[in-house]
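These are the structures, in structure tokens.
Below are two complexes that have chain A in common, paired first with chain B and then with chain C.
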Partner chain A sequence: MYGWVGKIVRVDFTKKKITTEDLPKDLRDTFIGGRGINSKILYDEVPPNMDPFDPQARVIIGAGPFIGTLVPTACRGTITHKGPFTFAFCDSNFGGYFSPEMKYAGFDHIILQGRSAEPVYLWIDDGTVEIRSAENIWGLDTLTAAQALEKELEDPEIHTMMIGPAGENLVRTACVMVDYWRAAGWAGTGAVFGSKNLKAISVRGTQGIKVADPNRFEAICKKARNMMLHGPRTPLYHRYGRLSNIESLRHRGGDGVENYRIPDMPESGFETFNSENIRQTIYTHREGCFNCPIGCGHCFKVEVDGGEIHASKIEYAPAGDVKALGIYNPKFLARWVYEVNKWGLDTTGTQNVIAFAMECYENGLITDKDTEGIELTFGNEEATLEILYKIVNREGIGDILAEGTNLAAKKIGKGAEKYAMTIKGGRLHLDPRIGWGLMLAHAVASRGADHLKGTPWIEFWDFAAIKDSNLGERLFGHPRAADASTPEGKEYTVKWYQESKGIIDALGFCAGQDSSTSFDYPGHEEMAEMLSALVGKEYTVEDLKIVGERIYNVEQAYNVRCGLRRKDDSIPERFFDKDTPTSENAKIKTVDRKKFESMKDKYYSLRGWDTDAIPTRKRLEELGLHDIADDLDALRKEHV
Partner chain B sequence: MSESITLDFPFSVIGVNKPAKSTISLNNNIKTVEDVFRHLTRLHEPMKNYFFDEKGEWNSIFNIFVNKKSILDLKGEKTVLHPGDVVTVLFPYSGG
Partner chain C sequence: MKIIMVDPSKCTGCRSCEIACSFEKLRECNPSRARIHVISNPITGKNLPIVCQQCRDAPCKAVCPTQALYEDEKTHAIVVNKNKCIGCRQCVMACPFGAIDVYLDIGHSFKCDLCGGDPQCVEACTEHALTFIEETRESRAKNRQVAATFVSSTQFTDTDAADLSDEAYTEWKKVV
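Right, the complex of A and B next:
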């Protein structure tokens, strides 16, 4: 077999049983790998009414066919499970070196199920899989525990994914840290690992990946690599990583300050909290993931307990998070990233619930008695860290906030829901008023409030629209498709970007370095050529697009079975309210609800879904998803 | 009133050793956004590919703002500048 290793390992922690299975050909043909196959396994094996922490709930780790090969950036793995705060489909994508090592060790996918009676870790060593006791590392932070595992396994070359105390304590926004400083952050995966008493997975592999046509493959990989090395964004990534989004978003009115109740960072804040000053204050050097010619990972120094520690890595996400907490201090940004990574928390999920609590506190829904004297106000750095530690350890009010924003809002009551900046339980990362397409992508994303599943970046490419006034029509078939200031045509761009991301995640490519973020980076043509040369079967761009559409429909169908409908595809009420302050720079001021709903109608129609966001039999059958069409028909009959 | 504009652009990103903010005098040859970058690319050759194509036509890969307004919503590269204007050069937003 070429490209794929061809094996799945299934680990049942309850039965202490490990089995290997062949990766079915039909799954490879219809979903390619990574996120695609993960999503179908979730659909098939996790009943929609199952609790995410149920012992029989699955966690699926997938590494697509590109991973571990010459394809530049081919390191992006996906972890999929039922979301502990969305209670529907959820996944998280991660970089680093774990996924290539997993394939070198002999597996395309790992399926975890059951619950161990005692803390364990999984050791995968060149095809051999063992469940081992984690007594010695349970309770340790992610950094200390990862070092301890390297020592125990006597191999500094192992690659490890690890939860911290937050995951052990079932904090619903807990993440899985990968190779010390990379995170599978979005989905609350750390809590699901914790529910299985699983502390870590370490992997070591020395096997290769077969290539069907080495000469053709090498040529196209070289081309893709050169496109990235000489791409116009590359110098920017080298200097700032993703931090330059601070300025880009500021010019769009997308600062998103203080839980999105204030649109713009104050000038005094921007004077210190800008990408150049953050670089000058905390930057040390760059690091890259496996086989990446870019290396956008910016490492930094952080002051802890009077000393200085070097750590990695700053993205835009935590910078946006710190702004949302009303803090504009580069040194605090470093401290925040260090702390959330160390304890195993997702930066944005944790920020989201703390910012929510701050707004509740400032409006009297949470009192000093609740916080045990912590003055939980926006901009208070000390209080932010104190509440973070309470969340990790589920102490006092931290026990409520550890449930994630939506569940915490329900427990607090008194109308606290209006301060929850979430969609389908997923945490908001951006002010959706910076573009109609971005807003639609957030609202309809399969895991909720998601800027990474289908944001049409092209609506921020003013430079391209200046050069080509026909851009939207030419690329997406609608004259206004690339224009952020109108809801018209956004169904085309969002569908295109959602499917593009599905393809990228199924293959294992990095979404930051493909043509959806810059015209000059590798696009669908290069992806199809690389895949064809790698696996020895010809793929066209159209073939890949169908796979992308199939993936999105499987995820939507799962959500429908979990009870999600059109009403859940929305944005926080705050943005429909004319009294909410808006930025002078924003393309959209108050969101017009009629226009928003009309945009959704057009999107569902283009997708071949009904007006309640349920995929139709016709479209599902066109995609070859007959089993899912039957399931949804049965669901319709139940509700007649 | 100053007869110059301020250009806010991290030059180091494209390998030009200049401070992030520069002052540029307006004159008969420098009146528009395009004129500013024609002037700059004459002074700093490495900048050329970021603003013009091989035929010398406008082909910026940056988003450009004048006083925080995108030139897409003004007159594009033909936007006329006035003394005291601030021209900001940014990459478009993407990723997380």
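Right, the complex of A and C next:
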């Protein structure tokens, strides 16, 4: 087989049983791999009413056909499961070296199910899979535990995904740390690992991935690599990594500080908290994920206990998070990234709940008694870390905050929900008022409040679009599609970007370096050519788009079965409120609810969904998803 | 002779060199069969690609009982004669760098042969941590680095000005 390895390994921790299955051809044909096949397995195997922590709930790790090959940036794996704070479809995408190694070890997908009676880890050694006791590493932080595993397995070249104490304690915003410094963060995956008593997965492989047409493959891979290398954003990525987004967002009024109650960072904050000053204060060097010609992972130094140590992969996300907590100190940014990584917390999910608690505290919904004397005000660095430790260990108020923003708001009551900056339980990452397309993408994203599942970046910093003002019309068939200041035509761009992201997640490409970031970077044509040469079956751009659409419909159908409808496709009430301050730079001041709803209508209609966001039988059948059409029909009948 | 020079300070640990090497040699993607390996330390953040240094007094060549290792006339790389190699692993034991291997599926020893003069790892290294450079130039490049640092911290002494007295300068100006 070319491209794919062709095997799925299924691990049942209850029965301590390991089975391998062939990767079915129809799954490969209809969903390609990675996120696509993951989502379909989730749909098929996890009933929508199942609790995310149920022993029978699945965790599916997927590596697409590109992963581990000559394709530049081909390292992005996906972990899919029911979300412990969204209670619907959820996945996390991660870089590093784990996914390529997983394929070299002989597996495209890993399905985890059951619950072990005692802490365990999984050791995948070139095709053989073993459940081993994690007694010696349970309770350790991610960095210490990963080093201990290398010693135990007597192999420093293993690649490991690891949860920290946060995941063990079922903190719902816990992440899985991959290769020490990369994170599968978004979906609360660490907590689901913890619910299975699974501490880590280590993998080592030496098998090769075969290529159908090596000469053709080499030529297109080199072309794609050179497009990235000479892309207009590449010098920015080199110098600042993803931190340059601080300025990009600021100029568009998207700072979103102090839990989004204030739109702009104060001038004094920006003086210290800009990408150049952060670079000068903490940056040391760059690191790349597997086969990446860009290497946007910025390494930095962090002061801990009076000493200075190395840490890696600072992103825009934690910088946005530190801002949202009202802190504008680069050194604290380093400390924050180090602490969340070490204890195994998702940076944004954790920030979201802490910022929520801070706003509750400042408005008297949480008192000093609740916080045991911690003065939980915005900008308080010490209090932020103290509350973080309480969340990790579920101590005092940390036990409530560890439930994630929405559940914590419910527990606190007294109207705390209005301070929850979430969509479908997922945490907000940007002020959505910087553009109509971005807002629509956030509202309708399949995992909620998500800038990574279809934000039309052409509205913002696409150099190709800046050079060519007609690009939006040419690509999307609407003259104002690329214009952030109008809701018109946004259904086209959002649908296009959602499918584009589905394609690259299924293939295993990086979202930072493809045409959904900028049209100067490899696009659908290059993807189709690389895939055709790799697997020996011709794919056109249209074929890929259909796969992208199929993936999105499976995820939506799963969410519908979990009870999500049109009303859940919204943004926090704060942004509809005319009393909420707005930035001078933002394209949208107060969001007009009518315009917002009408934009959603157009989007559902273009998608072939009904007005309550349920995919119609007609569209599902066009996509070949007959079984899902039957399920949704049955659901409609139940509700009639 | 041209050699592969490694600058670890530029290496991002992306392993593009490994994947390019295995693709060049086997036409499949398999870093474990690459002739170059990046050793990374995630705790210190340091990365070092290790590849055959093409030693002039090569221990692998010296210990080979079948004289299967020889110096290529064109590139001066130490290369393997597959027909003579018996896969005994003496070279693996002798190499101080771990830059030569024998695997069951490959059958004979395999190592970097500089791709016949166009090393694909260097082509793939977008960070220029690997360069393919004339041995006579390599040390000069390092000299220049040192010189750049040194010179930027020193001042020129204006010895020539002292040679020309003010009167002589005035006289000279008249002539010109």
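FYI, the second predicted complex is superposed on the first by the 631 of 640 C-alpha atoms of A that agree within 3 Å, B and C clash if a C-alpha of one lies under 4 Å from a C-alpha of the other, contacts with A are read in each partner's own complex, and residues count from 1 in each chain.
Simple rule for what comes next: contacts are C-beta pairs under 8 Å (C-beta built on N, C-alpha and C of every residue); 3 or more make two chains touch, one makes a residue touch a chain.
What you are looking at is a predicted structure, and each value in this text was computed from that prediction instead of being measured.
When both complexes are superposed on chain A, chain B and chain C fit side by side without a clash. In the superposed model, A:Thr580 makes contact with neither chain B nor chain C.
Once the two complexes are laid over each other on the shared chain, residue contacts for A:Asn38 go to neither chain B nor chain C. In the superposition on chain A, contact is made by A:Thr517 with chain B only, not with chain C.
Put simply, the three-chain overlay gives an angle of 70° at chain A, taking C-alpha centres for chain B and chain C and rounding to the nearest 10.
In the superposed model, A:Arg239 makes contact with chain B only, not with chain C.
Of the two partner chains placed by the overlay, only chain C lies in contact with A:Gln147; chain B stays clear of it. In the superposition on chain A, contact of A:Asp179 is made with chain C only, not with chain B. Once the two complexes are laid over each other on the shared chain, residue contacts for A:Val211 go to chain C alone; chain B is not touched. Minimum Cα-Cα distance between chain B and chain C in the superposed model: 15 Å. Considering their complex, residues 10, 12-15, 20, 49-50, 58-65, 68, 70-72, 76-77, 88, 90-96 of chain B touch chain A.
Across the complex, chain B is touched by residues 232-233, 235-236, 239-240, 242, 244-245, 247-249, 251-252, 254, 275-276, 315-317, 429, 434, 451-452, 457, 460-463, 465-467, 511-512, 517-518, 584-585 of chain A. Within the complex formed with chain C, the chain A residues making contact are 68-70, 72, 97, 100, 104, 143, 146-147, 179-181, 205-211, 214, 218, 225, 229, 284-293, 295, 297, 299, 310, 312. By the touch rule above, chain C contacts chain A in their complex via residues 9, 12-16, 19-20, 22-23, 26-33, 42-45, 47, 126-127.
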